[in-house]
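First subunit A sits with subunit B, and in the next complex the same chain sits with subunit C.
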Partner chain A sequence: MSNKHLFLPSGFIRTPLQNGLGRYIPQLQRITLKFCKNHGGSRGVRDFIETDLMEFAKTNPGTVVYLKPRRHRYPCMVAEYLNGEREYLSCHEFSRAEIQKWLSYMCTRSGIPVMRFRKYQHTDYPSIQGVWNPFTHQAPEINVAQFPHEILSKPVDNGPTATDQLIEIFKKTQIKDPVKPEH
Partner chain B sequence: MAALWKTCHQCLRYGLSHKSFYPSVSAINVISKRNFKPRWVAPTLREIKRRKDVEDDRNGGPKIFHRSTFLEWNYDAEIFAFSNRLGEKFNEATLRTALTHKSYVERETARLSDMGVDSYLQIQNNEELAVVGGEMISKFTNGYLRAVFTQVPEELITAMHDFLTSTSNLETVGKHIGLGDLMLCSDFPCESETYVKSLKAVVAALAESSGEERARIFVQDLVVTQLYGLDINELWNPSDPVGNLTDILKREGKAEPEFRLIKHSGQNSVLAVYYVGVYSDKNFIAEGAGESLEIAKEMAAREALKQLFHTEDSMKALPFGRQLKNIQSKIVQLENQPNLPLSKWISEKVTSAVH
Partner chain C sequence: MLITRVLCSRTPNADGFWKRRRVFKLTAHYYGRKRNCYSIAIRYLHRALVYVRKSRKLKKRDAVELWQQRISAGCRELGSSYEALVRGMARCQIALDRKTLANLAIWEPRTFKSLTHIAAAKLQREPIKGLNDFSPPPAGVITRGML
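Our next item is the complex of A and B:
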């Protein structure tokens, strides 16, 4: 139930430089795809580069794509974000579709590290009318009132007491003035 | 066995499973997966890290490298991505000039003359562009502030403008649009002034390439939005609110402000609170709270002024981005028209808020 056992840091949702308020700036600065030219584990990356990479680069013109062939090393991708953060992901034995999926994941992130969101809303103005304080709905008459006071000393929403209610019922049962008989 | 496996897994979750040695990064985030490593890997890596930390402490911090020293670096591609990221079209030569600093040109000339090649480098630097850009940023900010805060005195406009065009604000904006790797300068890590100069030069380059209108929208989208979430009354407060309120009411022909105690609690204690209300001709204007009567009186006067200037806590939200489409012409008009100063402020002369 609690989140104390998690090592994942937690925080409130935020965005760097009020992104989206004025214009949306894609936060992925550059992505480096490192792969081996003939090892089997890099097959997915190689297939991706041959088929889907150009389309990816065209749809994300704000991101620089670097390709780094490294012989006898496992494939990986390193994403660098505008706020200076880096994300490393090993792409060993990934399929072409998986690479596509993880790349699109990298594109849509800001560089802020993965964290548990405490709330999915954020506001800088939590109170519009002002935070309640004990004076908020007090009648100004208390300033010049002499206590004990007839109205102010009593509880606010008392309602009619049992005695008052009985008096009301009694009054209703009273015989009204007799109607003058018609002759 | 299960306990051993759990311990191993904990080590791996702490990030000892990856073998990347990027030198310049303080924090590298790993999307971790299950990895089965031999027993000796974690202790070896731990020892290597310990030795590296000792060396770093001896050298006064970890070694940092400019991104351009990496093998995977293409300056042309970075420039192309920079303009596309912002959604703007730049004249490439002007943009490159805007990112080149005088210190870089001097350093290169010195390097060449050291090597014996005595050539005069034809690279232009961004000094003039920075001056023009700085004026533009100042002008566009003022235009926005005066168009949005129509009923605010000029002193507060100046305070907000000074905050938005401050070195720290512009440096943050410059860093977050990716100028850090693109600037050609001799100082590394780059100083705040370098970032600020580059940003100003980029704004000027944008105005030159795509027109002043696009540069105005750029400044509104990137620099002015940093006003969001700020309490503008923290930026500036009148030094004599009671005197100012009296003067304003006198100028408007209304009765003198009368301060009356509304509520109080905890007198003669540490947690005393006094609520003082401002009345003009027995009409309630505002109330303020404070630890003593004098403070409460000043706060009440401040609240009254806030109400007159429409800068209370409950004021309307500031417009940004697309919401500015209808008031762009008004912004342009007010760029050179300062608001009324506090000494001449009168509510009849200020127009109602535009948005």
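Our next item is the complex of A and C:
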């Protein structure tokens, strides 16, 4: 099936600045948790803040955590990444475990938008010997050749053509020593 | 109360909305009424699904044909032929598939050239009747009796 019905941008897999090749830098810059202190839908968020938030903050020292208690508002989290992308997620009626899972998902993402990968491999150096170009297998003498050249200016000899071969066959069928008719 | 008529009446299709939704999700990128009207969309969707099914084999076939064309072109430039390369490599027990060979011809041209030389050297020692569509390998090909 063509993937047009998904309305999802497609692209090639990439990481920002070859993250992970040397040192891995978590791409999550800040995470904002908005919740209500009273409403029932924020219960999961409140439980998470009371129990797991400090541990999360300690394990992710590079990420800033903001809490926004707002009355009569549904809970949500907004993740902002080092490349400027923002990701919004509504946490209404989420359980504490669900919020933990979504938070870890936000942490492990880079800010590159969700897209359909065309290939699951990427390399910045696809060729070691050098990509083929029309001069790869040519002799380097043509660089300094003066044209018209006695060898290079001639057409390529591919052997006898079909016409030549037919002429040869015809000649073989001819009588070699024709006897002259005597009158 | 006359209940016969009530019992015999059929309930409307409870799955109607969801059945149509399944179709519209797949036809969302179509033009005009083909995208929004069920009885029109379903016809085009059926054709699309048939094409998807058929093209799974065709895609593989097209890819293989493309690789073969590229290998053949690469061989011809080097004075060999696709048949000579493939049969020579088979006799040397080099089992590289067409995808790899095509990629080598593009990205690692010197490796590809050396493969053509190996195949030509093998065919020089063990010629195949009727296959002479390759030029002999240059003097620099050293086999040390390994072929």
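Going forward, the second predicted complex is superposed on the first by the 126 of 183 C-alpha atoms of A that agree within 3 Å, B and C clash if a C-alpha of one lies under 4 Å from a C-alpha of the other, contacts with A are read in each partner's own complex, and residues count from 1 in each chain.
Note that in this section contacts are C-beta pairs under 8 Å (C-beta built on N, C-alpha and C of every residue); 3 or more make two chains touch, one makes a residue touch a chain.
The model shown is predicted, which means the values in this text are computed figures rather than measured ones.
Novice: Look at A:Tyr120 in the shared chain and tell me whether it touches subunit B only, subunit C only, both, or neither; answer first, second, both or neither.
Specialist: Touch partners of A:Tyr120: none, neither subunit B nor subunit C.
Novice: Quick check on the superposed pair: does A:His137 touch subunit B, subunit C, both, or neither? Answer first, second, both or neither.
Specialist: Only subunit C; A:His137 stays clear of subunit B.
Novice: After superposition on the shared chain, which partner residues are touched by A:Lys4: those of subunit B (first), subunit C (second), both, or neither?
Specialist: second
Novice: Is A:Gln129 in contact with subunit B, with subunit C, with both, or with neither (first, second, both, neither)?
Specialist: After superposing on A, A:Gln129 lies in contact with both subunit B and subunit C.
Novice: Identify which of subunit B and subunit C touches the larger number of residues of subunit A.
Specialist: Partner with more touched residues of subunit A: B.
Novice: Given the touch rule stated above, what does A:Phe170 touch, subunit B (first), subunit C (second), both, or neither?
Specialist: Once the two structures are laid over each other on A, A:Phe170 reaches no partner at all.
Novice: Touch test for A:Phe147: subunit B only (first), subunit C only (second), both, or neither?
Specialist: After superposition on chain A, A:Phe147 lies in contact with neither partner.
Novice: Is A:Gly62 contacted by the first partner subunit B, the second partner subunit C, both or neither?
Specialist: Only subunit B is touched by A:Gly62; subunit C is not.
Novice: Indicate the residue numbers of subunit A shared between its subunit B interface and its subunit C interface, in ascending order.
Specialist: 7, 127-130
Novice: Which of the residues in subunit B come into contact with subunit A in the complex?
Specialist: The contact residues of subunit B facing subunit A are 13, 18, 20, 22, 25, 27-31, 33, 71-74, 77-78, 80-82, 84-87, 172-173, 175-178, 180-181, 220-222, 224-226, 228-229, 261-263, 265, 275, 313-314, 320-321.
Novice: Using the touch definition from the top, list the residues of subunit A that touch subunit C in their complex.
Specialist: It is residues 1, 4-5, 7, 126-132, 136-137 of subunit A that touch subunit C.
Novice: For subunit C, which residues are in contact with subunit A within the complex?
Specialist: 25-29, 48-49, 52, 74, 77-78, 105-111, 113
Novice: Quick one: in the complex, what on subunit A touches subunit B?
Specialist: Subunit A residues touching subunit B: 7, 16-18, 21-23, 25-26, 29-30, 32, 61-64, 66, 68, 78, 82-90, 113-114, 124-125, 127-130, 134-135, 138, 140, 143.
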